[in-house]
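The following blocks contain the structures, represented as structure tokens.
Same chain, two partners: subunit A is paired with subunit B first, then with subunit C.
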Partner chain A sequence: MIGVRRFTQAEVSAYGFLSATLVFCLLPFLWVALASIDPNASQFLSFPKGITADHFIKIFTANNGGRWFFNSLITVGAATAVVVVVGGMGGYALSRTNAWWKRPFLYAIILVRILPPTALIVPLYKVMLIANGLMGALVRSVVPPDSTRSAMQIVGFVDGYLGLILVLSAMQLPLALWIIKTYFDLTPKDYEEAALMDGANSFQRIRRILVPLALPGLGAAGLLTFIGAWGDFLMPLTFISSAELQLLPIGLFRAFQRANTIDYGYLSALAVLYMLPAVVAFGFARRFLIQSFTGGIKG
Partner chain B sequence: MTYETRMAWQNRMLLVPAFVLLACFILIPAGAAIFISFTNDALNGFAAAHPQFVGLKNYVRLFSDQGFWNSLLVTLVFVFGSSVVGQFVLGLAAALALSRPIALKPVFNAAILLPNAVPEVVAGFIWISMLAGGKYSTLSRIVGLFGFAPQNWLDFAPLLMIIVVNTWRGIAFAMILMTSGLSAVPAEVYEAARMDGATARQIFWRITLPLLRPTIFLYMLVSTAGTIAIFGLIYTLTRGGPGGATEIIGIYIYNQSFSAYQLGYGSAVAVIVLGASIAIGAIYVRVLKVQV
Partner chain C sequence: MATISIENVRKNFGAVEVIKGVSFEVADGQFAVLVGPSGCGKSTLLRMIAGLESVTQGDIKLDGKRINDVPPDQRGIAMVFQSYALYPHMTVAENIGFSLDLKKVPKATIRKEVAQVAELLQLSELLDRRPAALSGGQRQRVAIGRAIIKRPRVILFDEPLSNLDASLRVQMRAELQRLHQELRPTIVYVTHDQVEAMTMADTIVVLNQGNVAQWAHPIELYRRPRSTFVATFIGSPRMNLVKGIIAGKESMPSFTAADGWTVPLAGRDLAAMHSQSGWLGIRPECIRLVDANTDADLSGEVVIVERLGAETYVNVAKGRDTLLVRVQGDIAVRPGDTVQLAFDRAGFHLFNQAEVNFDHSSNDLE
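And then the complex of A and B:
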């Protein structure tokens, strides 16, 4: 029989539901996508009469957007590197050890992951103030007075990059430890032992055997760290105040709060630029997502 | 030194950096929260330089503070509305729909995942265009087609709106978990049920849902903890307003500490939240018998 296959009722409702969900999920993006290329962009959805790339060009030529973007890239990139290295070492140790502290440590990681950062922010602020005072004294003793301020912008803990990088790392570290530990659990010890028998030293074992073996696990941890830190809003909001150190999420947020003078086309372009790395990383990280959500539970 | 002791020391050394990071920026602050909550510490003024012990004063104040109880209620409604109902129902429905052979599956999948992938600020930014601005907002124009009056939605129904936005953002999470739960159910179970003449509705209520129960429980715990921790999404949309209508507990802590400058009182609220979170975590570890 030739003809159109008849859809069952279940199929019709499945397609109907999925289409409605698709519209619900994508509709909010329509405005930002159109506004970012619309020469006369407004806060509201309208079909552009022309197309322009000016908003995107302006990010890197005229305004602070480019600086915010690079600030974010530097701090989040550094935090990701810290997490991959520290998490790689720790994850390996957690996988290989049989010491008494193994279980308590792993349970503690799960509990730590559940603590909301908003509940930690006040004491964290205090800790950072103290650390900043100590670092300030150290910097003043080694750096000439006229460059203290710029030095503190790099190594300071409040309104400085080192503190922000370490805080972002600490927040993402529990998940990374978990993922990397789980990954090492799946890689046999035999390779390391063989290398040891062949007389390889520690450095060679790490470089030739462990890092190549663990690369997928380290990559997954790195991707998820990047996504988490890139999207974080609370930490840069609390710990960065100088305009020249501002990260993209806060710059975008503050610019958007400024009534009357909002350039919607420009901000939309900035928002699109901001979400692109996150979306790309998310695409790569998709198959690790279950682990990231549940912390390694076998469902 | 034997090989074993050397390895034991090596493992300990390798964990030191991770432990130091976690201790400095998570464990010590968590402990310090308890300490600060017994003081009148402030962000500025006299108390900032000379914080003093005030005993249980912050906690006493907390229990008689309308703002705190309001915030708890808002948190409860927000968690229930967005993660227990909104994300779960839509995520389960999406997982069920996508579990059958369907055309354009990757497109539907990607569309549902996209809201989860964007940073919170971008989510807030684009939803303001959807909701604010009276008759110009996208939502007002849509409901206008059906003859409803335009509204400034974030003033008209603020809590409902942040529930909708968070549902939008989190369908993917529920869907991914439910998909993994569904794939663990053997196909023979469904076949046997159909042989016995069960209807689709019976299969869903009698087989799918009971077999998904562990996954659903896991989802509820993780997503409750995650939803309580939300900050940027609500802060960019409403900052907790209007009049505390969307001030979930995390926003309340932030506003009390950094807008009202009362670090001691903010810490008392934080201690309550930390306690509740640890309880959720303990249930999670216990009931799900996490393998470590």
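And then the complex of A and C:
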């Protein structure tokens, strides 16, 4: 009996309990995955009798799923880019400054994460509406009347890409600033000073030294931003009303709401599609997450 | 190559003055060491020469030209950091060649120059490695390589050996001296280790609390310390200091320790200091253990014996004073023994109440 260890009764019951919990947690995911390819999907978990791609095809043909997906990708992708750039510069500044307002500022921005977004929605909408009015006036003065509407869908603050991108960025920026600031705290100033002595100008110091050194921190912040913004429901619901600007989570929600018949196969396929980018992003950026939360720069 | 002049330089951080009017000069090709306890301002001064800190007042000159406001990379000065600060995302070759790459030197030229520097520093085998895969001594050499490839007029070292273990430190000390002799740059080297300072320097600037305590050649510092601070900082084990008073007849002065014992100070003109209190300093190697029947100056009780093999340090108590005696070889004394001590009078240093040397309070190199 070499290599085989007898389990104690306590261990058996512990593993048994954990396994049962695991199965319980995984079942919904299993159901979604199976139902999305099951021609006769129902609300009950069952092994499909055949495999079909019809549900996925329906998303892109009968509905405007491709457009929803594109809208989500554009707004969330842009918000991630904004957060990484602004968070990178701001995080660096917050790490290096000794200004008296540093601590108050850091705690003030974290309030944005603490307050429930729903509570902020009314004043935020009011502000965005005013900004949208100003932007509308500006757009009407430079763009011919027949293309005003499509221009506003891009640069509008309400029911436009720009507004949603800014709101999503603003929601995610505080956490990103904290992550990147903490990462720069662990990055000694010596590297920058050595580069300065080597004759690097400020642009070269950023591009050749700071960005490569801060990559794990920037990557981790970017990943959390992407996942956070991708999963956001309230902001797209509040700020987007045009059908052609619809985002994936809203499309999913509206499909679920359709009163008389619920098409479980279609819903599941939509859910799989919605989950996919977050999982892919996590797969790519996981090592940044691990690096930036387990220790700074080695060497 | 270049001469560095520090003229009345001051530095304030907010309301705190950390450098309080420092002046010294490093001649072309010299190896100068700034030494002092932590917080004396030596690293700040080095960073001011590098251009990483601004100068509050006074001038820093390179070959007579004021460089206070010249950007760091245009001073012709390279610096080796205490942490080495090797770029972790670049290979050894990229680290060494980075400054040339920034200057848009052709890749082939960079490769050739990096190879030369690597040859000089025995790094040729390691050029493709990342800093994380190097040992402490190898990282140190890469940091030096990154400095010398720029062919700087001056190289600054900020405690470069403090992260190495003891045996590697001795080896790198010799290597740095070899490099200095081969390339002859002007070097300013900061350390808190007086052994490093004594072994490598052409000239030493001892700093204490933002002031120059003494600026002299190493042996001069050892032989003629200007103050009790320098006397106890330079030399290991440190100089014995005994508080007391200049007494005796004016023609035959003597030193009476606060604890009562007296030694004659024959052959010295101490009329001006007569009956003033002060300090007698004597290095451990200037005290001998002698037989009871010869002319002993003092007898005392052995407290602690430290045996190093080649030599033995004996702590001898006389009343409340303890004198450290350095004896060649291994000798048979035990704590509790009574021993006779004889002083080498040429090794006496007398300091007044302000802890400044009576005999030679003039500046050495200024």
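FYI, the second predicted complex is superposed on the first by the 265 of 299 C-alpha atoms of A that agree within 3 Å, B and C clash if a C-alpha of one lies under 4 Å from a C-alpha of the other, contacts with A are read in each partner's own complex, and residues count from 1 in each chain.
Going forward, a residue touches a chain if its C-beta (ideal position, glycine included) is under 8 Å from a C-beta of that chain, and two chains touch if they have at least 3 such contacts.
All of these numbers come straight from a predicted model, not from anything done at the bench.
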Fit-or-clash call for subunit B and subunit C when the two complexes are aligned on subunit A: fit
Touching partner for A:185 - first (subunit B), second (subunit C), both, neither: neither
Touching partner for A:244 - first (subunit B), second (subunit C), both, neither: neither
Which superposed partner A:112 touches (first subunit B, second subunit C, both, neither): first
Per-residue touch tally on subunit A - higher for subunit B or for subunit C: B
Distance of closest approach, subunit C and subunit B, by C-alpha atoms in Å: 7
Intersection of the subunit A residues that touch subunit B with those that touch subunit C: 297-299
In the complex with subunit A, residue positions of subunit B that touch it: 7-8, 10-12, 14-15, 17-19, 21-22, 24-33, 35-36, 41, 90, 93-94, 96-98, 100, 102, 107-108, 111-130, 132-133, 136-138, 141, 168, 171, 173, 176-177, 180-181, 184, 200, 214-215, 218, 222, 225, 228-229, 231-232, 235-236, 249-251, 253-254, 257-258, 263, 266-267, 270-271, 273-274, 277-278, 280-282, 284-285, 288, 290-292
Residues of subunit C that touch subunit A when the two form their complex: 50, 52, 72-73, 77-79, 81-83, 85-89, 98-99, 102-103, 130-132, 146, 150
Of all residues in subunit A, those that touch subunit B in their complex: 10-11, 14-15, 17-18, 21-22, 24-29, 31-32, 35, 43-45, 82, 85-87, 89-90, 92-94, 96-97, 99, 102-103, 105-107, 110-127, 131, 166-167, 169-171, 173-174, 177, 227, 230-234, 237-238, 249, 252-253, 256, 267, 271, 274-275, 278-279, 282-283, 286, 289-290, 293-299
Touching residues (chain side subunit A, partner subunit C) in the complex: 188, 190-191, 193-200, 204, 208-209, 212-213, 297-299
